[in-house]
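After this come two complexes, each holding subunit A, first together with subunit B and then together with subunit C.
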Partner chain A sequence: MSDQPVIHTRDLTKYFGPKCAVNSLDLAIPRGCVFAFLGRNGSGKSTTIRMLLGLLQPDRGEASLLGCDSRALTPAVRARIGYLTEEHQIYGWMTVGEAGSFQAAFYPRWNEKIFRGVIGHFGLDPRAQVKHLSRGMRAGLCLALTLAPDPELLILDDPALGLDAVARRSLIESMIYLTRRADRTIFFSSHHLADVERVADYLAVLDYSVLRACCPLEIFRNSVREVQLRFAGAPPTLPPIPGLLQAFRTENELRVTCVHYNEETERALRALGPLALETVPLGLEDAFIHYLGERGEKSFILPGSEASV
Partner chain B sequence: MRLLFRKELREHFKIALIGLAVFGVMLSLAFSRCTSLVDHSATYGGSFSNDESQQPLLSTNLLTQAAFFCAAFGMLLGWLQIRAEKHPDLWAFLVHRPVPRDTILAGKILSGLLLYAAGAGVPFLGLVLVAATPGHVAAPFEWAMTLPSLAIFLAGISFYFAGLLTGIRAARWYGSRTFGLGPAIIAVLPAFGVDEFWQALLFIVIAQALLAVAVWGSFRTGGHYANQPIVSKLALLLSCTVSVAVLLGLLSGGAMSLFLSRPDYSYTYYQLTKDGQLLKITRRGMDEGSITDLNGAPVLDEITGQKLLLKDLARRYGMGMSARANVAEDKSGQAESRSYSNPGRFFLPWAVFDKMIWYLTTDGRLVAYHFVNRRQVASFLPPPDPGETEGRFQPPPPYTYRTPYETLTALPTDRTVYAIDLEKPEAKPLFTTSADNGIIGFAQMVSRLSPPSSNLVLVLSRTSIHLLNFEGRPRLELPFQPPPSQYSIVSVQFFESGGYGVRFDPDHRVNQKLGGVLRSHIKWVDANGVVSRIMDLPNSPEVNRDSLWDKLTVVFVPPAIPVYPVWTEYRVAYGMRILLVLVCVGFGWWLGRRNNLPRSALIGWGLFHLLFGVPGFLAFLAVKEWPPKESCSSCQRLRVMNLRACPHCGSEVPPPSKTGIEIFETLEVK
Partner chain C sequence: MSLRIIINPGSSVPIYKQITEQIRMAVATGRLTVTDQLPSVRALAETLVINPNTVARAYADLAREGVIETRPGRGVFIIPKRKVVHPSEGRRRLEPLLNTLISEAMAMDFTAEELQEAFERKLSQWKNEKGGTHE
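Let's turn to the complex of A and B:
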């Protein structure tokens, strides 16, 4: 097994008009991991994926998949990459079975069992026309078409977008049980943090087109901390805290969220003279929301109140 | 590719079926219109025009409709084939598969061509089969008559490629996606205008090659100009240049028709009146103009005493006849001089009577078709000339007009002119030349209602000109001087006094070769046949070159296309053209520098603008994708962002600024 990253980007940059959609993205994703690519809407996730697959030309920088330049992916390399698009578009006039046969003819490693398994999992009738399928069923068919070629690298662009909870769970289950294989790499973007938490090894977070985090899931979760400080009266003014994400102020409480919480941070907070200081563990979803939420200090004190800041 | 081919067929067969139905109905209606016109003309009389040929395969009306359909159908089909997969996710589903994009495109094009053939070709084929089967069309049929239909069918394929290009191209300007249409339009026009099929085919093949290469390159890059192979970049650029040139021409023409109420051209000609006076007439448009004598003095109306007006000019004209001399040894060349799509290339409707239509075919035969059963029912050939084994009439000269209900006619062979009565039918020789002097031109003024002595035939031989009546009696004989090798048009004007004015006009092509030195020559002949006066007409320009349209053409036509010699009247236009080209070169250079194009690209674009002027420059703006630009963080000057180093100060693009919340950890294989 090669140590070469399966996905590698260097200074990958894309502009749409004057707007920078992806800014100097450097990624190196090892083989065999499940990698979550996170960010808010419009942060550049889909653009990155489209550049990785050579569907969009970057303005600067380069990307390679399985060691092959993204701008010139050969048919042989494409055969090793499965790609599931976010809107699950397939030809509406095809039946489920026709879609399978159509796709199968192009892939030498097409696994009919996987295809049958996934469409069975989603309860799809092979004679049903794609245009008559619900969104969840179409997602299931797309997943079946993506998994059945038995790809080494699976790129899923928000595969659960627009699906209800049951369909989403179904899709994620299929992803977990049918795709997990030692040498298979899964790169997926998602807004559903619970799903990410369940399946991903690593994550990367894009914030306004810039990569802000790329690390194992646990490290991300542990890096983002919320600290609750209680005061006798109104909380004092917060000094500059390194890695501060948010600070919520109530009448006698200050809740601070920051990254890289350490002794220095704690000393700075204790210098405020709180009655109590408590560190609250965060789940991935909360950590992510705080991480990408509005930065700075906020107050929940009603105007006119004595303790208003 | 087989699967992709089948997928495309399955996806778009409906459009082919709709096309088949619509075009089938269109052709059926046009066909029945042609045949009903023949029936109508044959029953009620009336004139035949070449616009509505008796042979539907050559009907301008039918062919024009077909050309419009093939263009629209081809364009729509191509555009839909791309448009159906324009959604980024569906596009990704199509192209992200282990086959080269060229294969995907080949599948699309092959299926598209098959669908086009089904929608446009099958109805055409049906039309050809019906026309070729005796009993459907009361007119002669030759396989060469199918060539105009074939040219139109093939020209539609150019529109198919234009549709593909329109669908695939990523364009920034609203409407500039349609820039693939230019070459297709240029390809379809010669289908009607050129002399030979191969010439039309050449235009079509060039346009298709250009568009196909542009489609190929654009499909490879998902519609973007950047990263295309150089050959497809060139093809795309040329396609767009042609389109912009066509667009500029249309806009100039449209603007002029909107803003110029006065016709912008005038022309001068000379005309003999029935009393032998020579008038100089200068016309400006349809209604305006002046009538003077040769000294420039206005000609007065003898009734009003005022200046003679154009509308009163007809009163001054007498009867006249005109014949064109063809000095070529092979008279069949006359037919060749017509376009391959012109019915006159094959036959001329000669007479209609007794439910029969007589045609003079280009192989020198009069043939009759019955317009009820639409089959050939009679054929008529003249006796052979001395020394010949088979008689044949000379093919009709170009632009011959016939009153079709006239059954009395005169027709020449190479040496003899026959008076023919088609009702009997019988041929009586009127005039025979000697063995070394053939008949090279012919005109007649014949009516069954007139006495034979008033029916006149003008015969041009190599050495002489003869005006005869239908009894064979000569009315006028003159040597053909100046010679027919230089003067090909002879007109005889009848004066009220009984005399004639015989005018010799130079052959246009010969005169062009000689630099325009030949001038029209007039002989005044009295009633006794004696030449009383000879005159060469002043060599006035036929068209005043003050046409704004022409000048705009000079300004906008790419310098690479030599359109006109440098006339003094065009000095300003040529000056403007040079100025505009220089502006384009300069502006292109500035744009290139601003976007940090390498020097070789700057020089290449400069040459391109020099060759293709304004249309080339606009095409350049339409296709070129500029890199994003931002202020350099070091030197503060605007810099391109597709390069790591600033072209002004050399500093590298700084990495995104840190906010202190970054979480990075080396990822390892688990």
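Let's turn to the complex of A and C:
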């Protein structure tokens, strides 16, 4: 088993006209992890995934999957990759079972047990016609078609889009089931941070074309901290504080969100002379929102050497 | 195992910590006793619908604290509590907890007597729940 990253990009860049959609992206996804790709709508996640899969040509830089250049993925390598993007087409007139048989013909490593298992997990009747499936059921079928070839690398572009809570739960359960094999890797983009927190080992944050974090999930959470300072009167003006993301002031309180909160940051804050200073832990969603907030420094990369090879 | 662990992914407490806290609490109140078996990492992960690495981390922390032990091929078990923490270290860890409790109570205008009373009440509640089965 190679130690090579299963997904690798170097200086990956894409422009649409004058607009830069993906700006010099460097990623190295290690084998065997669950990796969440986060960012606001329109930040370049789908564009990145399309380039990884060879569906879109980069303007600069390179990308490779399982050691093979994305622009020249061989059928043998493609057979080891499963991907789910929005454009997954299935013939509406087919039944669920027929869709499976159809797909199976393309994959020598098709595993009917996996197909049946995922179908069953989503409560799908093999005789049901695809065009009569609800959105969540359709997503379950797509997932079954993607997982049945037993791929080593699973790339999912916003798989939970439009799914109700039950279908989303089934999706997460399928992802966790996949982690039974230590050599399976999942790379997925998502807007559901609660689900990301359940399932991801690492995350990367794309902020309008630029990579702003790439590290273990726990490190990201710990790195973003909210500090509440209480003052006797009106809070003083805030001097430049390293790692400051946002500051919010009320009558006699200052709420500051920082990244890389350390002794130096604490000293700088205590120098303001507060009556009380308290750090508040943040959930992943709040940490994420503060991190990408409009106010505050925009040039932070969290040390992510664990996720880079 | 009769213990039902509930996790809340949106919380400001990391998931692995929610697990360790609930297991520690169960042991302290006697809901889990020595020789009780916990689910395997994989089984608990699939029950809670979370990444197995998170469960592994919780179990590793509890093992380091001497609360549980993994016996290869047999499973994960609650073990008798060893004194892993030096008394002075324990006192050091207690300090911030006491500070939080007292400052929050004062902020809510509790008197020292009221706080003492509430504290004694809670302590005896815990003693009753344990039923004297745990040290």
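Annotations
Basically, the second predicted complex is superposed on the first by the 288 of 309 C-alpha atoms of A that agree within 3 Å, B and C clash if a C-alpha of one lies under 4 Å from a C-alpha of the other, contacts with A are read in each partner's own complex, and residues count from 1 in each chain.
Note that a contact is a pair of C-beta atoms (placed from the backbone, for glycine too) under 8 Å apart; a residue touches a chain by one contact, two chains touch by 3 or more.
Predicted model, so just to flag it, every value in this text is computed and none were measured.
After alignment on the shared subunit A, the placement of subunit B and subunit C results in a side-by-side fit free of clashes. The partner that reaches more residues of subunit A, of the two candidates subunit B and subunit C, is B. Judged by the touch definition given at the top, the superposed model places A:A105 against subunit B, while subunit C stays out of reach. When the shared chain is aligned, subunit B and subunit C each come close enough to touch A:D201. In the superposition on chain A, A:T9 makes contact with neither subunit B nor subunit C. Judged by the touch definition given at the top, the superposed model places A:R221 against subunit C, while subunit B stays out of reach. When the two structures are aligned on the shared chain, A:V280 is found in touch with subunit C, with no touch to subunit B. Of the two partner chains placed around the shared chain by superposition, subunit C is the only one that A:E173 touches, whereas subunit B remains out of contact. After the two structures are overlaid on chain A, the closest C-alpha atoms of subunit B and subunit C sit 9 Å apart. Residue overlap on subunit A between the subunit B contacts of one complex and the subunit C contacts of the other covers 201. Within the complex formed with subunit C, the subunit A residues making contact are 34, 169, 172-173, 176-177, 179-180, 193-195, 197-201, 218, 221, 280-286. The part of subunit B that touches subunit A in the complex is made up of residues 3, 7, 10-11, 87-93, 95-100, 221-222, 224, 226-227, 627-628, 630, 641-644, 653, 655-656, 659-665, 667-670. On the side of subunit C, the complex with subunit A involves touching residues 9-15, 42, 45-46, 49-53. Subunit A meets subunit B in the complex at residues 1, 3, 11, 13, 15, 17-18, 20, 23-24, 28-33, 50, 53, 55-57, 59-60, 71, 75-76, 78-79, 81, 83, 85-91, 93, 102-103, 105-108, 201-202, 205, 210-216, 219-220, 223, 242-245, 258-260, 291.
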